[in-house]
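Several structures are given next for inspection.
Two complexes are shown next, each including chain A; its partner changes from chain B in the first to chain C in the second.
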Partner chain A sequence: MPIIRSEPAPSLDRIESARHKDIDRDTHTDIAFDWVAGLNATGREREDALRRLHALMVRAAGHQVWRLRGLLADDSPGTIEDIVNLVADDAMTALLGKLDTFEGRSRFTTWAFKFAIYQAGNEVRRRQWQHRQVELRDVATPADPSPGPEHHAEAGDLAVELSRAMHAALTPHQRRIAVALLVDEVPIDVLAERLATTRGALYKTLHDVRSRLRAHLVASGHLDSQGGIA
Partner chain B sequence: MSGPAARLTSQAVQALLLDTEPWLSCEDCFHLLDQHVEAVLDPDARPDPAFVAHLAGCPACAEEAAALAALIARPPEG
Partner chain C sequence: MRCEPARDVIEWRRQRLIEAGFLPVQAMDLARDRVDVHALMGLIDRGCSPALAARILVPTPEGW
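Coming up: the complex of A and B.
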């Protein structure tokens, strides 16, 4: 729904400048605040803690959405504000569900910020790709049979050897995930959403892909034991 | 969800052959993100090799670490 304004919207630079002044003013009091006690309290003490926590989430979400605004087709102040508020609400819900896992190994504010930064990145990348189709492509099969390492220096084309290795050492699923993430540069959380899986599961697939390819190319003599080009 | 077969760019070759050992999952990276980012900003702290390797191989987690570091490193203004 479009936002109707009676006055011209402030420029993004002015919004960012004002936001930074608010951040600097609040930072020291937020670090000193006993967040766990406040959020586990009842009544007005808890309400105050929740209000302050939401402000913390808005601050971190604003920071990350601002950093990633170049990915958005619409980076108008109204849209950015909508995203920040949506992300802050989602991040606050996620944080409160994990509150009992806070172990005090960092400042509470740093721990809290990461929830909003994570949600903000996901939301911006989701919007960036919302009208784009994700294709799961295989790797092209090199036409020529694989030469030995003695021919590799002459050919000078590690990409060809790597393509062969991908067909020899990887499953079709592994190849398609690797191509989507590393050739087509589909963001990992966008791909996870489209495939109804998780960022962690896709990263594990990618980690296995890398390990298999390096081992295959070391065994074939195209990489040395340290992973450098032989 | 399929298309013409892909040819590997030099950038993709580098990314595919990246050594991301020691292993660290995205879930563990997120769990440890706050303390590792605070440690990274401490000049006396030693970076965790698994954390560093994970950020090298996972652009999304690396972006989040950079954003968090930038947020908490902002010097107060007078």
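Coming up: the complex of A and C.
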């Protein structure tokens, strides 16, 4: 679907100084607009709705990317404008693909903003991790079994058993995913993109990992059947 | 719009696939073709050979 660009991404000055004023003013006129009818229409009416939607997405993306700019290695005006445009395009494509799911339970503009905010978070995280090493490492060394002070003995014992469970109950790939997401804290959308998979597939793997580890720790007597420490 | 994965992402996938047991040439083709690497590794975990896992997820006439 061709993206109709209504206007370039706002300059940083505009984002910084006039953002709220613009959003307030434009949101006011956007609220009254019949978005669903416009986007489902044909010809000039649809083109007009697409232009307005893109402008809305640029404003929303500009707002969110500006908020998250501290996470970017390069937060120069040109880069931020590039990100805002990319996010606005991606958000618009995502929204149009789900237009028929809009139920009117919130304002259309509120619903639309969520797409831009979600895409902005994804894109900023993706760039944040672009030049960072994403390891997919297996756990090689078990936890240190020495308990240290007496009051740490129980936690030390649980850690040793958890380490055993990681080896005994998980497959190598499940371990790599668990370590990347839970230990190395790689964002799930970054890992999903790297592996050319979906967030849902990774969430399912994490769910399986938790179930297997819990079952192992319950069987070894370290957790009770409700998942609490025995 | 993003169409092609970045070169460093392709290289990262290629390395992971080689570690999983794929031949370098297969690993490069799969990394470039946006094959679901997570699903590939899941199949290998369940006992598939790398070649069979690739055939399941990329059923090309030529096979692997």
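To be clear about the criterion, the second predicted complex is superposed on the first by the 194 of 230 C-alpha atoms of A that agree within 3 Å, B and C clash if a C-alpha of one lies under 4 Å from a C-alpha of the other, contacts with A are read in each partner's own complex, and residues count from 1 in each chain.
As a convention for this text, contacts are C-beta pairs under 8 Å (C-beta built on N, C-alpha and C of every residue); 3 or more make two chains touch, one makes a residue touch a chain.
Because the structure is predicted, anything quoted here is derived from the model rather than measured.
By the touch criterion defined above, A:Ser163 reaches chain B but does not reach chain C. In the superposed model, A:Pro172 makes contact with chain C only, not with chain B. Once the two complexes are overlaid on the shared chain, A:Val186 sits clear of chain B and of chain C alike. Once the two complexes are overlaid on the shared chain, A:Met57 sits clear of chain B and of chain C alike. Legend: residue contacts after superposition of the two complexes on their common chain; A:Ala88 is shown touching neither chain B nor chain C.
Counting residues of chain A touched by each partner, chain B versus chain C, the larger count belongs to B. By the touch criterion defined above, A:Arg214 lies against chain B but remains apart from chain C after alignment on the C-alpha atoms of chain A. In the superposed model, A:Leu136 lies in contact with both chain B and chain C. In the superposition on chain A, contact of A:Thr197 is made with chain C only, not with chain B. By the touch criterion defined above, A:Val124 lies against neither chain B nor chain C after alignment on the C-alpha atoms of chain A.
Overlap of the chain B and chain C contact sets on chain A: residues 134, 136, 194. Listed in rising order, the residues of chain A touching chain C in the complex are 3, 89-90, 93, 130, 134, 136, 171-174, 176-177, 192-197, 201-202, 205.
Of all residues in chain C, only 1, 5-6, 8-9, 12-13, 16, 34-39, 41-42, 44-46 touch chain A in the complex they form.
Only residues 1-10, 12-13, 15-21, 23, 25-27, 30, 33-35, 37-38, 57-60, 63-64, 67-68, 70-72, 74, 76-77 of chain B touch chain A when the two sit together in their complex. On the chain A side of its complex with chain B, the touching residues are 20-21, 23-24, 27-28, 59-60, 63-64, 67-68, 105-107, 109-111, 113-114, 117-118, 121, 125, 133-141, 158-159, 162-163, 166, 178-179, 182-184, 187-189, 194, 198-200, 203-204, 206-207, 209-211, 213-214, 217, 223, 227.
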